[in-house]
Structures are given as structure tokens and as C-alpha cells.
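In what follows, chain A forms one complex with chain B and a second complex with chain C.
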Partner chain A sequence: MFPRPIQKSSPVAQWVYTIALPVALILWLFPLLGVALTSLRPASDLAQGNYFGMPSGIAWENYVFIFTKTPIGKYMVNSLWVTIPTVIGAVSLSLMTGFALAVYGFRANILVFFMFVAGNFVPFQILMVPVRDMTLNLGMYNTWYGLALFHIAFQTGFCTLFMRNFIKALPFELIEAARVEGVSEWRIFWYIVLPLMRPAIAALSVLVFTFIWNDFFWATVLTQGVDSQPITAGLSSLNGQWIAQWHLVSAGSILAALPPVAMFFLMQKHFIAGLTLGAVK
Partner chain B sequence: MTGVTLEGVVKRFGDVQVIHGVNLTVEDGEFCVFVGPSGCGKSTLLRMIAGLEETSSGSIRIGARDVTYIDPSERGVAMVFQTYALYPHMTVAENMGFGLKMTGHPRAEIDRKVAEAARILKLEPLLDRKPKALSGGQRQRVAIGRAIVRGPEVFLFDEPLSNLDAELRVEMRVEIARLHREIGATMIYVTHDQVEAMTLADKIVVLRAGRIEQVGKPLDLYNNPDNRFVAGFIGSPAMNFVAGVAEAGSVATRGLGQVATSVALPAKGAEVTVGLRPQHLKIGPGDTHRVELTEALGGVSYVHLSAPSGEKLIVERHDQVSLEPGAMVGLSFDVRDAMLFDKDGLRLR
Partner chain C sequence: MAEAASTPRRWTQRTVAPWLFLAPGLFMFTVYVLWPIVESVTLSFYDWNGLYDRDGNFTGRFVGMGNYRELMTDPAFTTSLWNNLKWLVLYMLALPAGLFIAIFLNQTVRGIRLYKSLFFFPFVISQVVVGLIFSWFYAPNFGLFYKLIESITGKGVAVLADPNLVTYGIIAAGLWPQIAYVMILYLTGLNNVAPDQIEAARLDGAKGWRMLWYVVLPQLRPATFIAVIVTVIGALRSFDLVSIMTNGGPFGSSRVLSYYMFEMALGEYGFRMGYGAAIAVVLFAIMMIFISGFIWKMWRDERER
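Right, the complex of A and B next:
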């Protein structure tokens, strides 16, 4: 059996394991714990230089403050306006491109697929100026849909790679069986392929949601101001506003981290293995 | 109901030609079986009839319609796949009704046809199950049910029983034979198992390397094969072959001695192969052949012998005599049972 249960390994290995696991966990979680702790520190602690020690008190009012006195609510809404259309757009587009690339053996298939993949190799930083100019010319600068549109464009390459490979792994006889039964290609896509893609759609949605929600680069390049900036860019402007008030920025960061986590738990029930069990053999 | 006609059908994959101009007529209501060894093109030919593979040249007709360049969905065929290809996210009933639902049939009609197919295949208690909760035989029946429901003109079976265990295979074979009697549709069935071919077929098509070797009724192929390949492929255990040389009115072999014959032999000294079925050989007194192994199956025993020439022979016996390996025996046979083939494998008559 693999992996072997730790109880069955040598005493030395068990001993190393019991030490190494907590160490790794603490290392991994340390920054997050630090931010969480800071978000609950009273401002006076930071002023006195108590950055890493025990807080002198629990300051829930930090959270109340950022909601009442800063536009963090608006930033969150902006983020959702960018993220949700991007997830829907990128996933649905890549389902279709993936289906076409996986199912049809047309002449330029491999070339088109390669271009989708190759797009991922372009470092997007070098596109900063042209993309900004393009959005300006299109009149989409500083709008949620401008940002969403460019995110969709950039994400579809990776998503297509993911979807194409997933569809390729489905038993092809299912599609052939449906074809012989007289089912049109669109209906095969809708009634046969889509239901079997549920785990892939869920996984990709979570992934893309997290990518876009956490995106800072394009958010700062393509938007400015409270009206359109998403939370990542918004947080940094909070930072500028209260130069020494890290406790508020921390509280904002913790809040900003919640939606991707929520998304994960929302989609978790769709991560099912063996959906195609019983299809063949 | 309609038959299927193939005319000069050719299939190329790039530069490689795998089907070399096949001509074949499958009559209306006939059960036609394609047999041949792996890679002989029988599945490809079936998939061409289904429309899942493009036909490189030649024409395919179903009834009077030329379907060579028509999409699979419009050919009016139903296909049962080797791997069943059931839709895993649908119940048995949904699997069977899916095709009709997609082609816009009313709900009541679908339900009626599904119920009818379920009755024929004894699937009624399973209608609400998903494929993963079914056994191999049940899945196969659902796959067949899905074909029946649409009431197609032609049924295509692509090695439908090869994933089942031996016992179930026999059971399903009987079931498919019954189905053919009940429905009476044209059926084309691909298998590499010649027992399936012999038991199910009205007409067997023996294929080798993309060419038809012989077409005929099962027993005609067995009794009167046109060439050495068909003779060796049809019949189990396979026909014994012994190499020999033509002489005047007889064939000289090292494996079986002198074989007298009345057929027209090629010129003296030409290579001739003598073929004898295992049941036509009789073990008798003598010391020409060595016993290698005896397989006693109860009702029938197979004795494996090696001839003086080193050739292997199998003798079928209907008793339970056990011969020690290494024992020397003699062989006799009726020369009228011997079939002769020339050096190209063609039958000499």
C-alpha cells in the first residue's frame, strides 16, 4: 500500500515525522498567523513596537472600523464584479475550445492547441503597456468589464489546456455511441460531455476564482479609484492612507482572503472521482 | 428492414491502406458475422458501415440509400460497442431512452419503447440504476437495449461479448441469437471468436489483412474452405496441417506418410499442404508419432502428437483413454477427409 502508514515505519522516521510536521506547518502558517494576530491588535501595540508579542488586547473594532470608515465594502463588490464574469467567461469558453480540440481531428488541431498553451509562456508583465493602451483606446480603462475581459483573455489559454486534456480522457466511445444514436454535436456537448465535466468545472472555477481575486498586477494597471478598483489594489491604497496602521490593512487582508476559501468549500462537493465509472467495461 | 451492400470499399489511414476493396452483400434480416484475427480490419469495416470512420473510396448502401458520405446519425443503424459505452451519469432507463429523447420523440412513446426493450432483455428491475451499479452482463444488456429501443434498420455489434467471462458469454450468445429471431433485423457482428461466429451467423465473412478470404454459411466454410487460412481459422481445435510434395496421384509427406488423392495435383515436386481436422485422425497401432500431451475434457479428449517431421498434430477422441507422454503411436485417416492446399494456400479440388 502506498503511502505506507506512518505507524508502520521505523521509530526514527516516526520521531522525525512528529518533529518535522509541526515545524513545516508553523513555517507555512506563520505569515498568515502574523496577519491574523495583527488584525486584532489595538493600534497602540504597533505604536509601541509590539509587532510579534502578545497583543495587549483583542481589538474587534479594527474590523468594524474598516467597514464603517473605509470603502472596503465597495472594493469587495468591485472584485466580485471582475471575478465572477471572468470565471464564467473563461470556464465556458475553455469548455468549448477544449471540446473542439479534444473531439475533432481537424488539420490545424495541434497548432491551435499549441497556441493556446504557448500564450501561457508569455510573461504578462511585458504586455502591461500595450494592454493599458488598448483598454484606453477601447474606452474600457477603469471599468470592471475592461478588467474582466482581459482576465478572460489571459485565463482561457490555461483553461483550454486543462479542459482539453480532461475531455480527451473521457471514453471516446461515449461520443461515438451518441453520434450513432443520432444526437447532434451540440447536444452531445451539452448532455454527455458537460455532466461528466463537473469535477473539472468545479476545480477550474476555484482555481480561476482564486487567481483573479488575488490578482494585483492588472488591477493596478487597468483601474484606479474606489469606483472600479478591486480589493487587492484597494488594500494597497488603504496602506497609503494610513501609513502606520497595519492593523487595519491586516484586517482588510483577512477579509479579502475569505471569498476564495468560501468558493473552495462551495465547490467541494463537486470534486468527485470516478464520475465515468460504469461507462466502459 | 434492409440489407447492407459494400462495393469496392477501401480505407486508408494516411498512406497505409487497411481495407483493400471489399465487396459484400448482407441480405435483409441476415445475421452476418465478420471474423478474423486481430488487426484484420473487421472492426474498421464495421465502423465504416456505422459512419464512425470515413470511407476512402468505394460505396456503402443501406437498403437502397447510398450512405457512404452520410453522418452516422442519419444512417439508421444502432451500434453496440465492445466497451458498452453507457452514459455513466444516466440511469438504465435514461440510457436507453436518450437517443429517442434527443431526436424529439414524445415522452409516452419513449417510455413505451424502453419498457418493451427492458422486457425483452429482462432489465425491468434495473431501470433506475446507474451503470456503475450493474455487472458486466447487465451493462451489456443495457447497451443492447439502447440499440433495440431505436428500432434501427441495421444492428452493428463490435465484439460485444469479449469483456465478459466465459459463462456469461455463452449466456449472452444465446440471448443475442434469440433477439435476432425476435426482431428479425439485419445484424452485423464482429468477433475474433470463431465459436460465436459459428453459432450465431447466417453468413460468416472471414477477413484477413483487410481482404475477404471467404464468405459463406458457417458449415459451408467448415466443410468446404477455399483456402488454408479459412480452413485453419474455422473449427476448434484448428485443422492439422502437414507439409508435403506432389507426386503422381499422391502427396508425399514426412508427417503422415504417403497420402493418396484424386484431386488435380500441381506438377510433380510442387509443395502441397495436407489438412486434416482433429476428429478425422485416428490413433492406431504403430510407432510413427509421439504423444506429447493428452487433454481429457470428459466427453472429449485431445491428444497432442508430434510427427516424425516435428510437426504438431491434434487428434480428437471421444473416449477417456489416457496416453502417457512419450508413448509412440500410429495414425490412420480416411484420405477422403484430407484437404489439399497449394503453396499459396489455395485449396486443390
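Right, the complex of A and C next:
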């Protein structure tokens, strides 16, 4: 193990380490903690210049305010309407593409695979004008499905990479044996491979959820207005209206951050498996 | 073909099946990713305001290399390109920083799992939120950073209003989640470093830096590779933070290519789709250098299997 386990060091070193851990964490999360505290600070404190001192009270009303006086609730619902179909769509499509690329040795295999991988890394801006134009022409501008369809397509690149590597690592004898028995290819996919894919599906679902929930660029390009804007774009436009009302900006930020954070804590193991691309085993 | 004759049904099923499985995904990917790339490249040779005439015909005018020639003399483009370079170079700091935190956290003491998750936090939250958090952190007169500098030097610095500092301020905000990402890659990597090699090296008297450099880092190469790739991509995708924190200002000094492209094509400067597409092509070309490297490495690994 590297570094040497702290238990083997002197008691002083162990003591220093125990202190250093929480101190480092607080320093690391300092900006976030500051915002979390500001979101609960009464507006009057800020007006009097009391930014860091003892708050005069805990102001849950900041949160009540943004929920009742701004469309933040609607923005969050919009986000879910984009995020959940994207997760389902991208995971389903990539299960099939991943299966095709992992199991069959056809000639264009590696080419198709690299195309998905490369496409996943292109800058969004090279897609922006044509995708926006197409979405407009199909009458899907400013709708949840217009945004979700793009996300499904784009995320399929990354998800295919992940699924294909995952299926490649499964014991191929299972598939061979089924083929000898004369099981059709679709049934092999459905009854043999799919049940083994649960960890991969979980990992990708959390990851795609977070990516899409946090997406700002496409939300800006493909939607506008309260009807369909997701929380990231919504928060940005609210920020424009709340000039320097930091108690509101903070409360909004904390709310926008909550769902992915909750997702991460619930599904931590899967989340990390997904992020390391399954490549760092 | 002889094989086909002996088992005709299965032969066809196994040749057709992969394409049927690929069809939906490939279709979506072609429509939304591959084809738009071709269209953008084509569009970069046109002057187009994004509109169609009454009959639905494209109204663009072919200008050949005109957009690219204009880019050469556009100071805003030079600024953006230069800033992109700063992003790329400084973002690489995420590697040593992430490795450092990973080594710091790679212990088995009580509650360490929770510490690791909390250190990872910045990556999970949206860049929009990160941008807002750092705007507040840098805010003149009361921001924590402003206060800190004021208490040290006696005079606060409004980072986001200073054309010379603004890009560095935004990069620092971007590094926060990026370091967290790299940290998690290295933590996973450290978990799999072969313990016997470490012990053997320890018996040979290797410690500290030498151990890290000669024994541990070589074993972390797969993690380092992925870390470099995601960091480069992160640096070149830097749209969200610029948009949230400064809108490219002050005086356009914090623009990057991704943001400038958006400004030209959809921003207040009007709908210069062709010019925007040309900027996007330049960004794409830069990214392609790294993508090719990644694909080349993957191809080599595939062949070794």
C-alpha cells in the first residue's frame, strides 16, 4: 500500500493526521460551506454588512421565497422531464450497441466503436448550429423532448464505450454455449447478457443523470423561458434578476446541487465505477 | 460462403444481428453528432444569419475561406485562443493536485470513506453552481477571497473585474471540480497498486519521492492517461463557467473559443452562423489532436489483447 499506512507511523504523526483530515476538508469545501451558510442568512444581515458574523437567525424564508415567488420548482420539474427520459434512452440504446460491438466480430466493428468514442469527445460548439437548426425545423425547439433527444444521441457515445467494455469482460462461454443450444441472438441478449448488466446499468444511470441534470450549454441553446428551461439555465436567468441578492442566489444554488448530490451519495460505488470508465479496474 | 450453405439460418442471423442491434443507436448518433459535424464544416465556408427565405430555402452566401481569413485578423479570436491555451496549461495542475489529495486520503482510518466522498463533492455539482459559488467567493468588498487578500495586502482585488486576472480566477474555479475528478481516478488507481512491489521496493530502501516516482507512478499510468484526457476535454469545454461568471468580460478579456463561438452565432452580436461555425471548426481541430491520440492508444491496446 502506498503511502505507508498511518498506523505504522509514530503516535505524533497519527495525531497530526487525525487533525489534518477535517481541517483539509473544511478548507477544500470552504466556498461551498460559505454559500450554504449564506443561503440561510436573513437578507437584513447582508444588508447590514454581516456576511460572516453570527447570523441573527436561520432564514428558512429564503427557501420559501424562491419556491413561492420564483419558478424554481418548475425549473426543477423541467430538469426531471429531460433527465429521466435521457437516462432511459441512452442506457437502452447503448445496451444494444455495446452488445453488438462486444459480441460480434464483423469487419467494421472497431471502426464503429472508435466513431462512438471519438464523437463523445467533440466540442459541443461544432454541433451547435446544425442541431439547433434541426430542432427548430422539426418544431422541437423549446420542448423537453427536443433537448432529451439530443442528449440521448450524444450520451450514447460514452455509454457505448462503457457497455461494450463491460460486456467484453463477461465470460464469452455463456454466449457460445447458448448458441450451441440454438438460442436466437435476441434471446441471448435478453435472457443471458441483460441480467448480468445490472451493475453497468446502475453505474451509467447515475452518471448520465448527473451529466444531464448539470448540463447548461444545451439547455441554453435548445430552450428558453420558464416552460421548458431546466434548472441550470433557470438559475442562470434568475441570477440575472437577483443582482447581488446573495441569500437568494445561494439558496437557488444549493437547491440545484441537491439532486445530483443525493444521487451520488445513494449510489456512490456505481458512480465511481462509471467515472473511471471501467478502465481503471 | 461454404459455411453459409451448411448453416444458412444461423449464418444470416449472426451477420444481420449486430447491425440490427446497432441500428437505433447508430441512427441517433449519426443524425445528432456525425452529420452536424459535416454540416458545421460546410457552413464555415458560408455567410449565414440563420434564417431561411419564405420558401424555406437556405439563404447563406458562399464565401470560401472568408470566415477563416477574418478570424486571422480578429483580436477577439486571438484573445480566445490565447485564453484557451492558458486553460489547457493551467488545468494540468489538476493532475499533481489530484494525486496529492489522493495520496493524502489513501489511508484506512475511521470515516475515511466519508472524507473521500466529501472531497469528491465539487465534481458532482453543476458548473453553473460552481460558477455562482466562486463569483460569491471573489465578490468585491465582501467576498471571502477579496477579504483574504485585503487582510494580507491591505487592498482587496476584484478578480472578475480585472482583465489581467479574470481568466486565472475562472480557471481556479474550474480546477476545483477537476481536481476532485482526478483525485478519484488516482484513488481507484492507488487501490490497485501491487502491494508486493511496494513491499519489495521498501525492503530495497525506497521511500517517499523515489518510491512515488519509480514504483508507484509507473503503475498509475492507466489512471494518469484517463486523467489527462478528461482534463484536456474539461479545459476545452470551458463554456459554463465563463458564461456564468463573466459573460466573457470585462471587455471580452475572459473569452474562450467555446464561448466566443456561442457569442457570434447566438449572442447579442447577431446571428453569424458561418463565422461561429468557423470558430467551432478551429476548436474541433484542436480537440482532434487529443482525440486521435486517445483513439491511437485504444487501438494499440485492442491489438495487444
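Going forward, the second predicted complex is superposed on the first by the 233 of 281 C-alpha atoms of A that agree within 3 Å, B and C clash if a C-alpha of one lies under 4 Å from a C-alpha of the other, contacts with A are read in each partner's own complex, and residues count from 1 in each chain.
Criterion: a contact is a pair of C-beta atoms (placed from the backbone, for glycine too) under 8 Å apart; a residue touches a chain by one contact, two chains touch by 3 or more.
All values reported here derive from a predicted model rather than from experimental measurement.
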Which of chain B and chain C A:Val249 touches, first, second, both or neither: second
Touched partner set for A:Val183, first chain B, second chain C, both or neither: first
Partner chain(s) touched by A:Gly157 [first = chain B, second = chain C, both, neither]: second
Touching partner for A:Tyr104 - first (chain B), second (chain C), both, neither: second
Which superposed partner A:Ile126 touches (first chain B, second chain C, both, neither): second
Dominant toucher of chain A (residue count), chain B or chain C: C
First (chain B), second (chain C), both or neither touched by A:Pro195: first
Chain B and chain C contact sites that coincide on chain A, given as residue numbers: 179, 184, 275-277, 279-281
In the complex, chain C residues that touch chain A: 10, 13-15, 17-19, 21-22, 24-26, 28-29, 31-37, 39-40, 43, 50, 103-104, 106-109, 112, 115, 117-122, 124-129, 132-134, 136-137, 139, 142, 144, 147, 176, 181, 184-185, 188-190, 192-193, 195, 198, 202, 211-212, 215-216, 222-223, 226, 229, 233, 236-237, 239-240, 243-244, 257-258, 261-262, 265-266, 273, 276-277, 279-281, 283-284, 287, 290-291, 294-295, 298-299, 302
Interfacial residue positions of chain B with respect to chain A in the complex: 50-52, 71-75, 77-79, 81, 83-89, 98-99, 102-103, 130-134, 136, 139, 146, 150, 163
For the chain A and chain B complex, residues of the former touching the latter: 171, 173-174, 176-184, 187, 191-192, 195-196, 274-281
Of all residues in chain A, those that touch chain C in their complex: 1-7, 17-18, 20-21, 24-25, 28-32, 34-35, 38, 49, 51-52, 93-94, 96-97, 99-101, 103-104, 106, 109-110, 112, 114-119, 121-134, 149-150, 152-154, 156-157, 160, 179, 184-186, 189, 210, 213-214, 216-217, 220-221, 232, 235-236, 239, 246, 249-250, 253, 256-257, 260-261, 263-265, 268, 272, 275-277, 279-281
